Structure formats: structure tokens, C-alpha cells
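Going by the order they are written in, the chains are A, B, C and D; count residues from 1 in each one.
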Amino acid sequence: MLKGIHEECGVFGIYSSGETDVAMQTYVGLYALQHRGQESCGIVVNDSGVFSYYKDLGLVHEVFNKDRLHQLGEGNIAIGHVRYSTTGNSNRSNAQPLVVRHVKGPMAIAHNGNLTNAYELRTEFELKGAIFHSTNDTEVISYAITEQRLVCSSIEEAVANTMKKIKGAYSLVVMSPQKLIAARDPVGFRPLSVGRLGDSYVVASETCAFDSIGAEFIRDVRPGEIIVIDENGMRSIETNLGDKPHLCVFEYVYFARPDSVIEGSSVHHARLKAGEYLWKEHPVEADVVIGVPDSGLDAALGFANASGIPYGVGFIKNRYVGRTFIQPNQTERTNSVKIKLNVIKETVKDKRVVLIDDSIVRGTTSQRIVNLIREAGAKEIHVRISCPPFINPCYFGTDIDSKENLIACRMTIPEICREIGADTLGYLSVESVNKLAENSDCYFCNGCFTGEYPAPVPKEIPKDKFEFKIKKTDR
Amino acid sequence: MLKGIHEECGVFGIYSSGETDVAMQTYVGLYALQHRGQESCGIVVNDSGVFSYYKDLGLVHEVFNKDRLHQLGEGNIAIGHVRYSTTGNSNRSNAQPLVVRHVKGPMAIAHNGNLTNAYELRTEFELKGAIFHSTNDTEVISYAITEQRLVCSSIEEAVANTMKKIKGAYSLVVMSPQKLIAARDPVGFRPLSVGRLGDSYVVASETCAFDSIGAEFIRDVRPGEIIVIDENGMRSIETNLGDKPHLCVFEYVYFARPDSVIEGSSVHHARLKAGEYLWKEHPVEADVVIGVPDSGLDAALGFANASGIPYGVGFIKNRYVGRTFIQPNQTERTNSVKIKLNVIKETVKDKRVVLIDDSIVRGTTSQRIVNLIREAGAKEIHVRISCPPFINPCYFGTDIDSKENLIACRMTIPEICREIGADTLGYLSVESVNKLAENSDCYFCNGCFTGEYPAPVPKEIPKDKFEFKIKKTDR
Amino acid sequence: MLKGIHEECGVFGIYSSGETDVAMQTYVGLYALQHRGQESCGIVVNDSGVFSYYKDLGLVHEVFNKDRLHQLGEGNIAIGHVRYSTTGNSNRSNAQPLVVRHVKGPMAIAHNGNLTNAYELRTEFELKGAIFHSTNDTEVISYAITEQRLVCSSIEEAVANTMKKIKGAYSLVVMSPQKLIAARDPVGFRPLSVGRLGDSYVVASETCAFDSIGAEFIRDVRPGEIIVIDENGMRSIETNLGDKPHLCVFEYVYFARPDSVIEGSSVHHARLKAGEYLWKEHPVEADVVIGVPDSGLDAALGFANASGIPYGVGFIKNRYVGRTFIQPNQTERTNSVKIKLNVIKETVKDKRVVLIDDSIVRGTTSQRIVNLIREAGAKEIHVRISCPPFINPCYFGTDIDSKENLIACRMTIPEICREIGADTLGYLSVESVNKLAENSDCYFCNGCFTGEYPAPVPKEIPKDKFEFKIKKTDR
Amino acid sequence: MLKGIHEECGVFGIYSSGETDVAMQTYVGLYALQHRGQESCGIVVNDSGVFSYYKDLGLVHEVFNKDRLHQLGEGNIAIGHVRYSTTGNSNRSNAQPLVVRHVKGPMAIAHNGNLTNAYELRTEFELKGAIFHSTNDTEVISYAITEQRLVCSSIEEAVANTMKKIKGAYSLVVMSPQKLIAARDPVGFRPLSVGRLGDSYVVASETCAFDSIGAEFIRDVRPGEIIVIDENGMRSIETNLGDKPHLCVFEYVYFARPDSVIEGSSVHHARLKAGEYLWKEHPVEADVVIGVPDSGLDAALGFANASGIPYGVGFIKNRYVGRTFIQPNQTERTNSVKIKLNVIKETVKDKRVVLIDDSIVRGTTSQRIVNLIREAGAKEIHVRISCPPFINPCYFGTDIDSKENLIACRMTIPEICREIGADTLGYLSVESVNKLAENSDCYFCNGCFTGEYPAPVPKEIPKDKFEFKIKKTDR
């Protein structure tokens, strides 16, 4: 709501040894992953090869009611997806999982990430007679797997061959009549973990989904690895395409839930560390440290702990947010941020305030927030941002505002400081960012800060090539 | 509601010389075709190659509200579809028109009919790597056109080549970025007509759609003919596959609206003739002739006119029918037919009644209706049916109940008469049916009566091959 | 849709000797009465003095789904209502039945009609401290009954005393914890009948509701009569206020369903008679007689039978009408009537046509219909209207357009004939109208034609006095 | 969701000097008060004496969309309400504001609180002929004001007289054609404040509503005070019924938003103090202090600050809560609390944890939460509750679980400690609670802890007397 950066998606899958209510478990799992995508969601249940699905625009609790869950029936495998759109317009036909039938039977796919050669692959398939119903990368992946499936003896072999062909970021969950398959791209841009719930196996974008259904974390899927779960249990296929993970740094800074653990490191802990490093890099004398809810709060606590400056609660965020909230027109008197975020004056009045946020995108929201604190009587406002300025596009599944809109592309840090009305402004350095995942063998994709990406980036894509305009529904 | 036979679909298309509200015209046209399919509907608008669409389960006035029509925007071409399902489950993903993108750009297809070689074609395409999102024939047709489009210089050539490949019944409307194309199968099983509205051209399953938007009928599309409408106006491509039309006789007897004209013959007139022939074949002494609403009314009037027996209004049908009406459980006292259909006792009390209906499927509804009239005091009840008994399956787009359920497969006419409680029972002969389209060069497909079809019928199809169970929404 | 006159409401009540699904029976009964009001509806179920209810804007099958009916639970008494608004705005708070609690317990009331002294009574009660939630007459009646209930030993006595106080038209159904009460105003403006279903008693505005649930008609409630149904069965209380019924003539001509029987006379038969009298009063040489659906059809058949001119089907009405249908903007080419009503050209082409309708309100619809037939090739068009011109307001529950809009207030009959484009025009005379209910002891309120009413009419009412504007919901 | 205690309502009113979008301002204000009631809401707009309203079950952003706000139109006065039900069932007819018409014109009322003599008053009015549509206290208040209005020269005088008659807790907003009136009961159980926005005056249950629309806080309405706002501005009427405020202590502890200021004291500050006092009363040696979101967080920070034990983030609460979320059935493995609340293991593993919550109702939720932390590896768990045990009913608008369910009525503190699985358990003392509103002249109603109430409490009320069962809608 308040940000200009967005995650693409969350994926979930479950394989149960018997017929159970896998639809309900997927529902609960998707609910825990809701923060990764609020635009649409879907669940596919596999009952001995018969696939039942439902997907639509809306939050998990809006799209699924008791009747709809019930209609999905029982089964022993299910996959689910929550989506925020990057490639492909926001409409019902882009909702995932994608359910298709090829010559070997039905297949369902849920995908988090962004392919960098989707355009080339799409054209290649079209020249062989393919037709596309959506503008999703997922449909491209479906064709790639299908093509391989015709010449491979198993779905997992088809997925393995497909991974040689598709480039970019992907954390995939694929369901065939007999198997649940999870695959992560060779760079490991997006998280993907495996867990266990009794005799069942579970895969999910984040470990918080395991906690919600009472499952136990086993391990992360490795970059370039394929996990196959079937009646013989779980086994791993190494494509040898992968290397050390280079996770999108925003997963730690912004996207993931603090209670998730990625590549062995707690997201909450990483954010505490971000606050600690911010203090080391940009110390300041102050009376209170406050964070912008929700993702700035942990770093604020880390900053407070490291600095000895008291931690305070500076804002209350209105929790009754709904997609249907009507924004009043702006007038000189109103500040739309106030509707979502109110200052606790008590905390900041007559104080020197350190204000921690996770990013500055266009600058307008930061300006409004600084202004709110100023109006509430703060004497000084020292803004600290728990990541470096981002100045480059992301090709791997994060939807950052266009370059013209990024304030850091247009201004120096002192200029930004002036623009947003702060007394001082400090960004976390790239060096510190690289140390966030403590005690982990995890590297980061820092491309949006540095322009250096851990995988080839595409030449300019004729974006409109993909589009056939599809209207949003008004639901 | 009261019948066990159903039409598959209705199609509509409009090509305007300028940007106009083609969405609204399609909306009104589909509303006029609503009787051909009440399960789902959709509209696609083409604005200089940008396709906007919306489709969902529901009646035309339920699916489209002002916002949704508005969101479709203006354009110069549009196509629409209303659907009742035969092949393919009842769900949103089977709603038409189908909108896809192939290598030459977007394409939208609306289809009325049933292919007899869909299974073979589907397998053929799957073996080349095709994936299917639905269980529609329309998706098979899309692949066929796309395959041809790769080697043909125009969409119309691709459609022409596709017509050599697909078998069975089809009245198609295809939209490319520049063109509106209408095509009818070589046998002409389903109706398809062309009209004009000022500078615009219109195609529709029935002429009543032209009347509703104020368009003028030009002519029927001929069996095997392709009509192409683009900036150069309208032209015809003859595939030379076609012959004299062999229209599904149920179009006259039951499906089409009486105000439509098909192959030069008024549907209302054909039904009057059916009544007239019924009288000639099965005369009876009686006091009043009544019809079962709505499709039996015209034949009843024809019977009355021919016989001199007074025409009467025997039933009132409750018009506030909705898909969401809750059927009460049957008890010995209730008769579910009563909720929809009430007898006007005045008309039948102490009378010898001739009761005209268009068909007897399972016999249970006929039995209930006869019973209603008997309870209302009729002295004699002489049932006359305006078509022959049907005892064979339809492969060309009519959804008739399965053979086990067809009363005429299990009983002789005297047995049926006894079963439904009538005093006498007479069916129209095949000979008379063949004369219904007076002054027209139209022949009929009488396969459901005679077992002789005007085109090859498929061997037994493994129906479940196509299915991946998809749940109905509860809307 | 096509008319400017509307009925106010329909009422239904059932008393069962045991706990049964009275909600479902009321649902089916209201569905049969839906033609009397399509704006809102409601059902109240009485389970041993606990009243459960649900009401909302919409048709019966829209407002009630399985869950809602189920939530109403079982009971032994229920009442229901369908409403079109006359007094009181169109909104949810005016939906009936009204459910209130007074000092003796809960009470529910459903009302069809219009009080002529509502304003005076309202003011009288307000001066005693009453507050009003709605602009319904029904709320006024509730106060009147409640006031009496404080001094009477029974609810029926309170209703009897109330009937001395309230003036105008009312057919009431009242439910107390123990009793179902039906009451009809002393003039009998609106119909109200009693029936039996096994051990249960049923009351309804029209007998077609009895047929729909399999109940048997007993008799009409007499003007000024109160029917009480409780554990001792059914009994009658005569207030001695009533006389011979003076039914609103529009009940026969337009509102009631043809399959209903009112005051011993079939509605269908009355309409056939109207056609017969029309022929006698305004004979004409012609080739075919057609009626405007639905209410003109019976009179057309009566005209045809009497005259010997063949009866024809001139129009097809689109049955998929929904409140949500979007009217396209009028252009010179379009004729909005065409969307709902299409001519069967075959029937009228080159013919001299007698066109029967039940009324002419503003004249615009008649003009369009005549024009449709003219365009379809009719040689002559002779319009016959099955009631006299109406030129006076109705104070008793029929919503006629305002006087300025009534064409008969502005023009002579020859002028109207010219205006609507007919060759000749004939209205039924008041004398003939008075003979419509053959073999019945029923008189008519003809006030809208003659200005002579069977009960005092109010002085001008300051209409806005009642209003507090309440917005329509957009459902 | 996780608690068994509920606030009743929130009220809002605005008086503008000119015609403005008072509907939108009320919408934003109610959105800020949403935490006070999530069951239903409503807005009434006054345009020169014409009242337009809409209300329904649902959250503010669910009930009001753009169309509905637009339909309310412009006006110069508006009031609004959010509701959680205590007296009166959960249904649409109990939604507020109540809009009625009495002899002097329309009146709208929004009410927060609970009358203790509602039953007597209701009976008194019923004996004078009153009818009730709902089971709301608000309807009783309407009758009381109306009765006075008949003999008083102004609405404010009528309200003043009414305040002598009604007993219990109430913060009222009343709108007449010309005036906006706010009134608070003589004890001041519930908060009510006045603010200013340019030339407009605003009243609201909490000051956070002022912040959301950019209004400025003026002062609290005093106990027993009436505020009248009309074209002459704002003036105060002192009924002399009131005394020092005795605010419901739960407003500080649980209900109110931390960013609100009540009786001069910041809610956030009061909660920090609660934590501080908890430390003083129940010190413990520990490694981390965590709070249960959301209302335990502030007290946890206060405890941490006072004790020097580090503050930690122990839980993540899933924010995508919706009324429609489907609870899975409990199994031995699942813990429904996990779906809403997940532990950050990092924070508690191998630590001695102080866990702060605001209350223990039944004990089951506390037990589950303690268990979650134990499973996450906490060595010791010391539960501290920021209010005393409650063991008495509330008669003034807080909906506490029934006495049988209150764990503190059944067990001693050591027993509760054992039951919930904590190592130690400490409740805040009543003495400390009384000091929460620092520097304020505010006293508290502590009846639920002490059994001593600042106003008379009613004898046992025959609860069912009021009820006529009204079914919930399934929306």
C-alpha cells in the first residue's frame, strides 16, 4: 500500500501418504504466505489423477469459502499459489496455479520468479504452433515441460531438461497425477523450502507456512535442485546447474515474514542486524528510535539495541486494510498516509528521533511520514534506511517502480534528505547488506543497488509484444 | 428446465467501419440469443488489435454490468458467445469466446456445434507438444487454425484449411486483429446468418439477434462457406466442401426463437406447419387444443387452425425463473412441475383436450403435465408431439439424455401413451418433419429419429479422456 | 418493464398444525406471487413465539438461497410478502413483512393496499410519542393494532378495532405468537383468499399461490372480514364494516395471473370476455388478431373467437429479463422495445392487423409497438384496448403514472390514435368492464376511469411529509 | 479474534459550515474507529433536513463502496457508527445509526454503551403503545428523546431530560435537521471527544479519528455534558448530573487505539505505565520481554524499559484477517492460534522469557500461546498480565465472557499459572491500574475486578424478554 516495490508470488505444495484434507492445509499454508501476493490465489487438488481447482482474484479468505474448499474434495496431493502481478496483467486468467492437460495427462504448476528468456521461448513455441491463453511465464514453462515430457520417461526428467532451457528466477512447484515436484533456479533468487508433517511432505516459499500447519522444516531446496515426492518418499535430483544461493536481498529486507528462516538465517535476525549495521555506519545522538510499520520495526529495534538509544513505538498502523478502501481526494489539509499510519505524539514530541524504514522509492511517502513526525513535535528527525539506494531495474521477480520515478536515480543523498525533510539521512551500505544472513552460506543478488547481477539479464524486451489487454473485473 | 434436450451455444460478431460501442451491440445481440445457452457468456472487443474480454458463468445480464461493458471499451470488431455445455464441464474455464495469442497475434473464437474428430485432433496436437486448458472443441479448433496460420498467408486461408481437417458440426465466428470471419460446416448443422447495420456487418446464430439491434438480414452463411469481413467489406470464400444444408431439425422444432428465420423459412411458420401435419396424421375429435409453453404453443395454434378445434390457453408458466430457484423436495402431495407451470382450469374442465408438446424425453414431465390437466377436470387428453420419437444419439451439438433414459428406446408408442396417462398419443412422422421448412431448399439432419446422419459419426469416444474435473463455482 | 402501472404487493401466510418447513412453502407461494411485486420480499417464520425473518431487495429466488431458508428454521406459522413500492421509497427498510415487538410480544404484518388516512393516523401516533422507521403504511397499521392490543383481550379484537380506524385499501396478513390472521378492507379493493393444504391453512393474495404448493382453494376473504387461524382451526369475525366487494378492475385486466380465480371468476376468462366485448363495441374487418404479451394475449384470443378473425402470434417476448439488464442509449436507429419484444413478420406482413393491449399509459410504448408492426409490413393496424382510458389517480394501491404523463388526459381518442400511428383505436367501455367478472357478485372500483370511487378519497397529501430520503442499495 | 472481551461501538459526527463531502469524512473517521466494532457500520448524511443513510453488516470498507458513498450525497451534517453487538443479536436490523422520524421531523442516533434500565424503560414505552423493531438500547433512547421532544422546545432540551431518565453507560451522537448533538453519561464510562477541522466541528469516540481526517482535538466531552453544534457554533449544556469521569479501565488496557488520547492521557503511555508497574509488582530475572500482539506490545516495552531486560519481538501476527477466514478443525497436531500468531524462535530459544498480555479470559488461548513459546525452546516463561483478574460482570458495554467461562472465577492465581503452563504468573494490582492515566483527573470503573461499580447495576434481567430471534445473514 505504502510502497512501490512488490514481490511476485508465493507457492505451496503438499504430498500426503493418504487421502486427506490437503485443500484445507493448502488454504492455511497460502494464508501464511498471503504477504507475498494479494491479487489472486488458487488451489489445485489431485485425487488419483483427477485435478480439481479453483482460482480467482482476491485474498485467500475472500476467494475460498467453505463451499469452495469442500468442492475441491479430498486428495493426496495439492498445490497452491498467491500472486502479485509483474509480467502479465492483473486479471483472472493470469491467476495460478496453471492447470493444463498434455498428452501424458494433467499437470499443474505454481511459479514464483521471473524468466529472462520468456520472450524468446514464447516465440520459439509459437513458431511450432503453440497458443497462449495468458501472459504468464508459467505458461511458457508449461510448454517447455510438455515438450520435454514427450521425449522423457518421467516428469522429473522433463523438469530437469526444462531447467537447462529456461533462464532467470524461478521457484516452481509442479504436480503430476502421481508426483509433487519442487524446483529452484540455479541462482536461488527466491526462497523455497521443504518440510514434513507426519507422513506428509510440504514445500513452500517460506517456512512460516510450515509453522501455520504444524509442519517441521527439513531444509531449503538448493539452487538448481529438483525435489521429487511420490509414493516412495522424497528424493533429490541435482541438475548441477546450481551454485551457492544468491538470494534477492529484499527477501530479508522487506518481502519475507520475520518469523521465516531462509538459508539458515532468521529474517527477523537479519533485520535486527541491519539496524545494528545502520547504527555503526550512521551513528547519531538521539532520544528515541522508531520504525515505520511493519518492515522497519525490526531494524529499529536492532538500531536501538546497538546504540543504547531507547526503542519507541512511533506509529499505529490501521489494520483494517482492504483492497476496497476508498482513497479520499487529496486536499491541502489531508495527508493520505494519516489514514493508514498515525503518529503516537507522546513518543516523538520534543525528541530527537531516529526513524528507520526499509527503503525510499519515490520519496513522497517518506516525505509525508517525516512530515507527520515533525507536526507531532519532533525536534530532529534522522532517517536511516535499512538497504542501499536502488537505482537499477530488477529482472528477477521484484516489481520496482520505473527508473524515472526512483528518487535515488535523480538525486544525491543530501538532496534526498532535503527533499523528504529529514535532518540527516543514512542508507545501509552494500557491504553491510552482504553480511545480513549471519552464519549462512547465502550470497545475495544486489543488482538493484550495484547493477551487477548473478545471472545474465535480457536485452530490452518489447513489453507490449506479450499483451492482449484484458480488463480487470470489478469484484 | 423442463426438458432433457439442450442446444449448445449461440454466436455473435460485429464489424463496424469505425470505432463504436460494439460491446453494447454484442451485449444486446447475445441477450437475444440467450435461449441458446444460459450457462456462461462472454464478449471480446477488438480495438486496433488490442483484445479486451470478459466472460463468466451466468446469464448475459448477470455477467455484464455497466462497469464491465465500459471496461471493454470501444473498438471496431467484437464477438460474443452464450453457452450451454455438452462436451466439457460446466465451469468458468470453458466459457467462450476463447481468446488466445499465436505467433501472428491475438485471435478470438466463438463456436456453436460439436466436432466428431475432436479426440483424434486433440491427440495429434498433444503429440506435437500442445497443452490444453479446457475440454472445449474450440481449443482444438484454435490449434488447428494456428497450425495452418504458420504456413498460410492469411487467417481466412488458415480457416479454410482447418475446415478440411475438422469434422462435425460447427458455426464459427473468428476474430483476428483486422478481420471478422464466419464459417459454417459443410453440412450446415447449425444456423448462421449475416446481416447489415448501416455500414456495419453482423453475424449471428439466429436472425432475432439482428432484429434486436435494428440490423437487416442479408442471407444465411452457406454450408462450407467462409465469410470474411474487413476494411474492404464482406466477401465469401467457398471451400467447395459444402452441399445443401442439412439443418438439425430441432432448430425448427425446439431450439430457435419463433421470430427467427432460418434458411428462408420462419421458425414460427414451421411450427404452425408441424401442428397442421399433426392434425392430418393424428386427427381426433376434441373441444380445445392447448400447447405446453413455450415451444408447444405454435404447433397447438397450427393444429387448431387446421382442425377447426378452438385454440385455448391451457397453462401459465412462471416467468421469474432463475438459476438460483430452490427446488423443494418432492412429497406425495407436490408436483414440482406445478411451480413452473399452472393449469388454467377454466380452459380444460370437462373438455376433450388436445395437448401439443414438442417432444417426450424421459416421459416423467409429460406424465406430470397430463396429470395436471386430468386433475383440472379434462375428460379426455390426446397428446400430440411435434416431432418423431427420438431413439438415437446426437453427435452434432444437441445434448439429448442418455439412451437408457429415453422413453422411446424402452417402450412402444401405446406403452408410452399408457405411461404418461394420455388417452391417445401421436407423434409427427419423419416425412412431415422433412416438409417443415416450406419453400426452402433446406434438408434436415434426422439422425436422432432415423439413425441416418448426413455426416460420418465417430466411433465410441473415451469421454473421460478429456476430463480433468473442475469444480463449479457456487455463484 | 413496458408499462407505467404497477401493483403494490402480494401477501402469503400459512398455519400448520405441526412443525414443518413453512419457510419453504412460503418461498414457493411468494414465487407464485412474484408478478405482484419484484422489488423486495421477505419471510417470517414463527417457532413457538420466536420469530425469525429475512428480507431484502430482490426477487424471491435472489433474496433466498438454501442457507437463508435453512436459517429461518422450522415453525408452524409463517408469513411472506413481495413488494413493489408506491408509498415509501424503494429501499431495504421498506421491505416487508414488518416485524415488531409490542408489550404483548412479537407481531409480523404483511400488507397489500394503500391507506387513505395514513397521514392523519401517522400524525396522531406521532403526537403520542411514536417514532417511525419507514414510510410504509404497514408501520402505521402496526401502531394502530398495538394501541388496541393494550386494551383488547386478543390480537383479533385489536385487528377488528383497527379496521374501524384505518381507511382505504388493505389485504392484511398478521402473525402473532399463536395465530395467523387475515383481514380484508370493507371495500375489498385487493384480492385475498383462504385455502387448505392437508391440516394446514393458507392465505394468499391470489389462488395461483395455492396451486403452486398443492393447496386447495376454500374461499375469498369477504370485504370487512377477519379470518383467524389457530390451534382451534379457522374461524371468521365479521366486522360488519364490509359490503359487496368492489375489486380494483386492474386485478382482472392486468395485475393478477390468468390462472388465478378472484371472487369466483377466472382471470383468464375475464380477459377472454374483455376481448369479446371489445369486438362487440369496436368491430373491424381484419386478417389477424394479435395481443401484446403477456397481458394482451388473452383478450386477443377472446376477440378472435368472437369475431372469427384468426388468432395469430405477433410477438416474441425475451424472457431473460432481469433487473440488471442495461438499456442501450436510444439512437435514431434503435427502438428499445425491440430488445424485449420482436415481431413475427410472417404473422403480420401484408395483413390487416387487430392489435390488442390492456392499456395505454403515456402512449410512447404503444407508438413503438405499432411502429414495429408497421415496419414488419402490416397493411392496417387496428388497436383495441381492453380497458377504458384512465384519467384519474388511484388512491388504493395502484401506481399509475402522474396525470401530466397520461396521454388520455391530454388527448381525445382520435388524437391518441394518430399519435400512436394506428388506423383505428377503440377502448373498452366502462359498462363492459363492469361485466368482466361473469357469474360473480363482484363489483369494481372504476375510479381511475370514472372518478367515482367506492370509498372516500383523501384530500391532497403533503407527500414529502413522509419522506426521509433513503438511498437505494446498488445490489 | 483471540479474546473473549469486546467493546461495543464507536461513534462519529461532523458538522460543517457548508455543504461538503461529510460522508467521506465520516467514512474515514469510522475507518479509524473500526477497532471498536467490526460487525456492522452505517453513515447518515443530513442535507438540509433530508436524511440519507446506508448501513449493513461488515467492515467500513466492505459496506461502503464508491457508489454507496456517492449516493449518500453532500450535506452539512453526518453521523456514523461502528458496532459490535452486546445487547441485541448480530443482524442487519441492529446496525446503527438508528434513523427515525418523529413528529418534529427526522432524527438519527449513534450510541456507544449499555443502559442499565433499558428493560424498565422499554416496558414503560410499550405500555404506552410503543413498538420496537430492534433489540437495541438505541431504540429505547429514541423513544425517550421523542417523548421529551413533544414537550420541549428544542432537541437539546429533550436530550437533557432524557439523560435524567436513562441510566448506565452512553456516549451518544444525535443528529436533528439543524443540529449535531453529543452527550456523555454522568459517569463517563466511554470516551467521547470534540475536535475542529477548519470551520467544521467533529465528535468521535477516540481522538485517532480526528487525526485520520486532519482535525484538531479540542477537549473531551465531560461526564453529564451535552455539546450542541449548529449554525451558531458549538456550545455546552451542563446537566449537572455528572461528576469526575470513571472511565472503563479496559479502554486504556485493551479497547482504545494506542495513538488516542483519553481524558488527557495517552493510551500508549498508559500501557507503558502498566508494564512499568507490572515490573515493580512482579519483578523477575529474565533474558527477554515479549508482548502478545497487538495490545500486549506496549506494556511489554514498558516492562522492558523499567526492568532493563531487553525488549524482543516474539510473535508475528498474520494481518490478513477477515471475517470469512475458515477455521480448520482442531486436531492433536494443530494449534489454531498458530494460524494467526507465529513465534519468532530466534527471540525466545534458550531464553528466560517474560510474556506480557493484557488479560486472561478462559485461559485456553494463554495456554496455547505459552505452549508455542515453550515449543520454540524458551527455558522459562513468566507471564505478566497488564490488568487484574476479572471476576465480575460488566453492565456498561463491555462484553465479557460468562462467569462460568472466566478462569479467574474458578481458579487461584497459582492454579491459573499451572493451567496455562507458565513458570510464574503476575497480574497488575487494582492500585496500579488506578494510576494508569497519569496526570489526569480520570478515575476508573474497576467493577469487573472489584465488584464495586461507579453507578447502580441492574437486578437480573430476563434477557430473553428482549429477543425475537433474527437470523444472521450469510454475507
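As a convention for this text, a residue touches a chain if its C-beta (ideal position, glycine included) is under 8 Å from a C-beta of that chain, and two chains touch if they have at least 3 such contacts.
Keep in mind the model is a prediction, meaning the values are calculated, not measured.
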item	value
Chains touching both chain B and chain C	none
Interchain centroid distance [CA atoms averaged], chain B/chain D, Å	60
Distance from chain D to chain C - Cα centre to Cα centre, in angstrom	48
Junction residues of chain C, two or more chains touched	65
Which pairs of chains touch, using the document's own definition	A-B, A-D, B-C, C-D
Residue ranges of chain D touching chain A (in the complex, touch as defined)	21, 24-25, 27-28, 31-32, 34-35, 38, 59-62, 64-66, 69, 197-198, 208, 211-214, 257-259, 261, 266, 268-269, 294, 297-298, 301, 305, 310-313, 315-316, 318-322, 324-326, 328, 333-335, 338-339, 342-347
Contact footprint of chain A on chain B as seen in their complex	47, 50-54, 65, 67-68, 71-73, 99-103, 106-107, 123, 125-133, 142-143, 146-147, 150, 466-474
